[in-house]
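Note sheet for the following structure.
Labels for the chains are A, B and C, by order of writing; each one numbers its residues from 1.
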Amino acid sequence: MIKINNSGPIDRVLFYILVPAFLINLYLIFVWSPVEKVMGDVQKIFYFHVGSAWVAFLAFCVVGFYSVLTLIKPKMERFIYAGISAEIGVLFTTLALLTGMIWGRASWNTWWTWEPRLITTLILWFIYVAYLFVRKMEGSWEKIAKLSSVFGIIGVINVPIVFMATRWWNTKLHPVVFGEGKDQTGGGMEPEMLATMFFSIFTITVLYVFLLRKGAQIEKMREVIKKAKTNIINKIAS
Amino acid sequence: MKELETMLELKNVTKVLGNKLILRNISLSLGEGETLAVVGPNGAGKSTFFKCTVGLLQPSGGEIILDGEIIKKKSVAVKKKIGFLGHESFLYSNLTPFENLKFYGKLYKVSDLEHKSMNLLKEVGLYLFRDVPIRSFSRGMIQRLAIARVLLAEPNILMLDEPHTGLDQEAVALLNKIIKEKQKNGKSILIISHDFEQVHTLADRVAILKKGVIVDTIQLDGKMSLNEMKEWYDKVVMGG
Amino acid sequence: MITILTDALTIAAKDLRNEFKTKQTFSMMAIFAVLVILVFSFAFDPTNNAVKAVIPGLVWVITIFAGILGLNRSFTSELENDCLTGLRSGPIDATSIYLGKVLANFTIVTLVQIISIPVLFILFNYRFTGSYFWFILILFAGTLGFIIVGTFLSALSANAKNSEMLLPVLLLPLLSPLMIAAVQAMRAALENENLENAVSWLQLMSAYDLLFFAACLLLFEFIMEGS
C-alpha cells in the first residue's frame, strides 16, 4: 500500500526558504557580486553553471543511494525517489552542459572543449538517459525496480572513473590521480564571487530537494490512481 | 495405513507481485510417493504458485520445505532433487538430444552420464535421433526429450507444469506411462493442469486454487469418477 | 566455489558448441567487423600517412561494434525454448551463468579480433612496429572489460522487447573510461614510445576490469531473479 503522506509542513518550509533565497540569489549574482574584469557580464552564468552541475552529480548520488536501498528491500517509495531524482538530474545535467558551453564560447571562443569536467557531465547525461530507458521497460514494477537499480549502481560506480580517465587523458602527461589539473575556477576569485557561488549552490540544492519531494508525491498519486482504476476495471469485468 | 513421509511442504506461503497479493497463506503438503494435482481457473495464481515451489520465485512470506530443507535463494543443492518439466522444453535447438542431455547432466552432476543418457534416449524412443540437432524435431519429440531431461537427474520430486498441453496421443501415453512408473517407484509428483481427464487418471489428491487460496482438496484414491470430480470442481469454483 | 567454476565452464562450452554448430553469429560478427573497416577506409583515405593515427581507435571501434552484435544474442538466444528458466531452476549459482557467458563471449570476440585486426592492418597498409607483448596485453585487458560489462548489460537488456536497441545505449556510456584508456594505451604501444604511459593506462584498465567484474558478479543474481 502506498501512503501519500501530506507532509505539508516540510514542503511549506522548503517553499518559504526557496522563494526568498532565489530572489536573494538573483540579487547577489546580478547586482552584488562584482563584474569579472576579463569576461564581463557573461561570467554571471558561472553561478548557475556550478549550481546545476553540483545538483546533477548530487542527484545521481541520490539515484545510487535509492538503488542500493531498493535492492536491499524493494519498496515502491524508494523506486519512485530514484526515478524522480534521475529525471531532475537529466534537467540539471542539461542545464550544466548548456551553461558550460556558453561559458566556453565566451571564455575560450569555442562551444565545446574536451575538458574533463565537461566530458564527465556529458557522459553522466547519457547514463541518466540510459537509466530512464531501463525504467521504461515493460514488466512488473518489482522487476523494473531491480533492473534499474542494478544499472543505477553500475552507473554511479562509473562516474568517478570517467572523471579520472578524462583528466588523465586531458593532461596527456604522466597520470596524476590527486591534485588539481588545469584550474579554471578556483584561483583569482574575489570573496564576493565565492560567497555568491556558495549561495547559488545552496539555493539550487534546495530547489532540487523541493522538486524531488513534489515529484515523488505526484508519482505516488499517479500510482494510487492507477491502482484505483484497475480495481474499478476488475470490478466491472467480474 | 502407514503415515507418509512429507516430501514437500508449504507453510503459509504468500506472494505479493507488484501491488497484488497473488498467493495468500497457502499451506499444503505432499507425501512421499503421493501425486497431487493443483487445478483452478485462469488467473488463480497457479503459475506463480508453481514458480515458488520450483524455486524460481522467492515467496514474500512463509516457507517452502523440500525433503526437510527450506528452499531459499541460495540453496542450490536442494534444486537437484526437483525435476521440473515446464511449458517450454528448456532445450537448445542447435544441439543434438545427446548433447542437450549431457549439458544438463553435467550441471546436475549426474554420475555415469553417457550410459544413463543413452538409456533414457532409448526409453523415450529418441535413440535413433540422438545425433540430429533438435531444431528439426516435432513438438512431441521435443517434449519426449524434455521428459528425458527431467528424469536424467533422478529427482525425488517431479513438478509438472501443464505437461499434457500440446501433446499428441502417443506422447500423452508415453508421459503417463513414465509418470505411473515413477509413482510406483515412490516418487512424489506435483502436477498443475487444466486437463481433468489426465488429472483424474494420475492424481491421488486434487487441490483447487482460486484467487490465490487453496479453497478445497479432495482425495481421489480411484473411488471418485471423473464426472463426480468435475461436479465437485464446478461447485467449488462457482460457489462462494 | 569450484562447482561455480566447473558449471561456468560447462555453460561456456555449451554456448560455444551451440554457436559453432551454425557459426551464424560468429560469421556475422566477422563480416560486420570487416565491413566497418571498409567504411572507415572510405571515410579516411588509407593511403594518407596521417591515417596511422586513427589505427588504435579503429581497433576498438571494430571490437565494440562487432562485439555488440554477439552480445545481443548472448542472452536472447537463451529465451528460445525458455532455456534461461531451465538454467535458473537448475542446481547452479547465478554467478556461474554469468561467468560462463563471459567466457563464451570473450572467446568469440577474441576470434573475431584475430580475423579482423590483421584485415585492418592490411587494408590500411599498416606496418606493425610496436611491441607484440604490450599490444596483446592491452587488447586482452580492454576486450575483457568490454565483455564483463557487455555481458552483464546484455542480460539486463534481454528483459526488454527492444533489447538490440537498448544494449548499445546502456553499454557505450559505461565503456567510455575503458575506451579512453584502451585507445591511449594502444597508441603508446603501437607507436612504441613512452611505454611508461602505456603501463599507467593499463593500470587504469585493470582497475576498471576488476571493479566492474566484482560489481557485476555481485549484482548479477538480481537480474536473474525475475518476477
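The rule is short, and it goes like this: a residue touches a chain if its C-beta (ideal position, glycine included) is under 8 Å from a C-beta of that chain, and two chains touch if they have at least 3 such contacts.
Because the structure is predicted, anything quoted here is derived from the model rather than measured.
Q: Give me the ID of the chain with the smallest distance between its Cα centroid and the all-protein Cα centroid.
A: Chain closest to the assembly's C-alpha mean: C.
Q: What's the farthest chain from chain A if centres are computed as the mean of the Cα atoms?
A: B
Q: For chain A and chain C, let me know how many angstrom lie between their CA-based centres, rounded off.
A: That gives a centre separation of 31 Å.
Q: Averaging only over C-alpha atoms, locate the centres of chain A and chain B and give their separation in whole Å.
A: Whole-Å distance between the two chain centres: 50.
Q: Can you compute the centre-to-centre distance for chain B and chain C, using the mean CA position of each chain? Integer Å is fine.
A: 39
Q: Which chain B residues reach two or more other chains?
A: Counting only residues that touch two or more other chains, chain B contributes 17.
Q: Going through chain A residue by residue, note those that touch at least 2 other chains and give them in order.
A: Residues 140, 142 of chain A touch two or more partner chains.
Q: Give the residues of chain C touching no fewer than two other chains, as numbers and ranges.
A: Residue numbers touching two or more other chains: 225-227.
Q: Touching residues of chain A toward chain C in the complex: what are they?
A: 71, 123, 126-127, 129-130, 133-134, 137-140, 142-143, 146-147, 149-151, 153-155, 157-158, 161-162, 164-166, 168-169, 174-175
Q: Which residues of chain C touch chain A once you look at their complex with the stated criterion?
A: Against chain A, the touching part of chain C is residues 149, 152-153, 156, 159-161, 166, 169-170, 172-174, 176-178, 180-181, 184, 196-197, 200-201, 204, 207-208, 211-212, 215-216, 219, 222-223, 225-227.
Q: Write out the stretch or stretches of chain C touching chain B in their complex.
A: So the residues of chain C touching chain B come out as 3, 6-7, 10-11, 14, 17-19, 21-22, 80-83, 85-93, 221, 225-227.
Q: For chain B, which residues are in contact with chain C within the complex?
A: Within the complex, chain B touches chain C at residues 17, 54-58, 73-74, 76-80, 82, 84, 86-95, 99, 103-104, 106-109, 133, 142.
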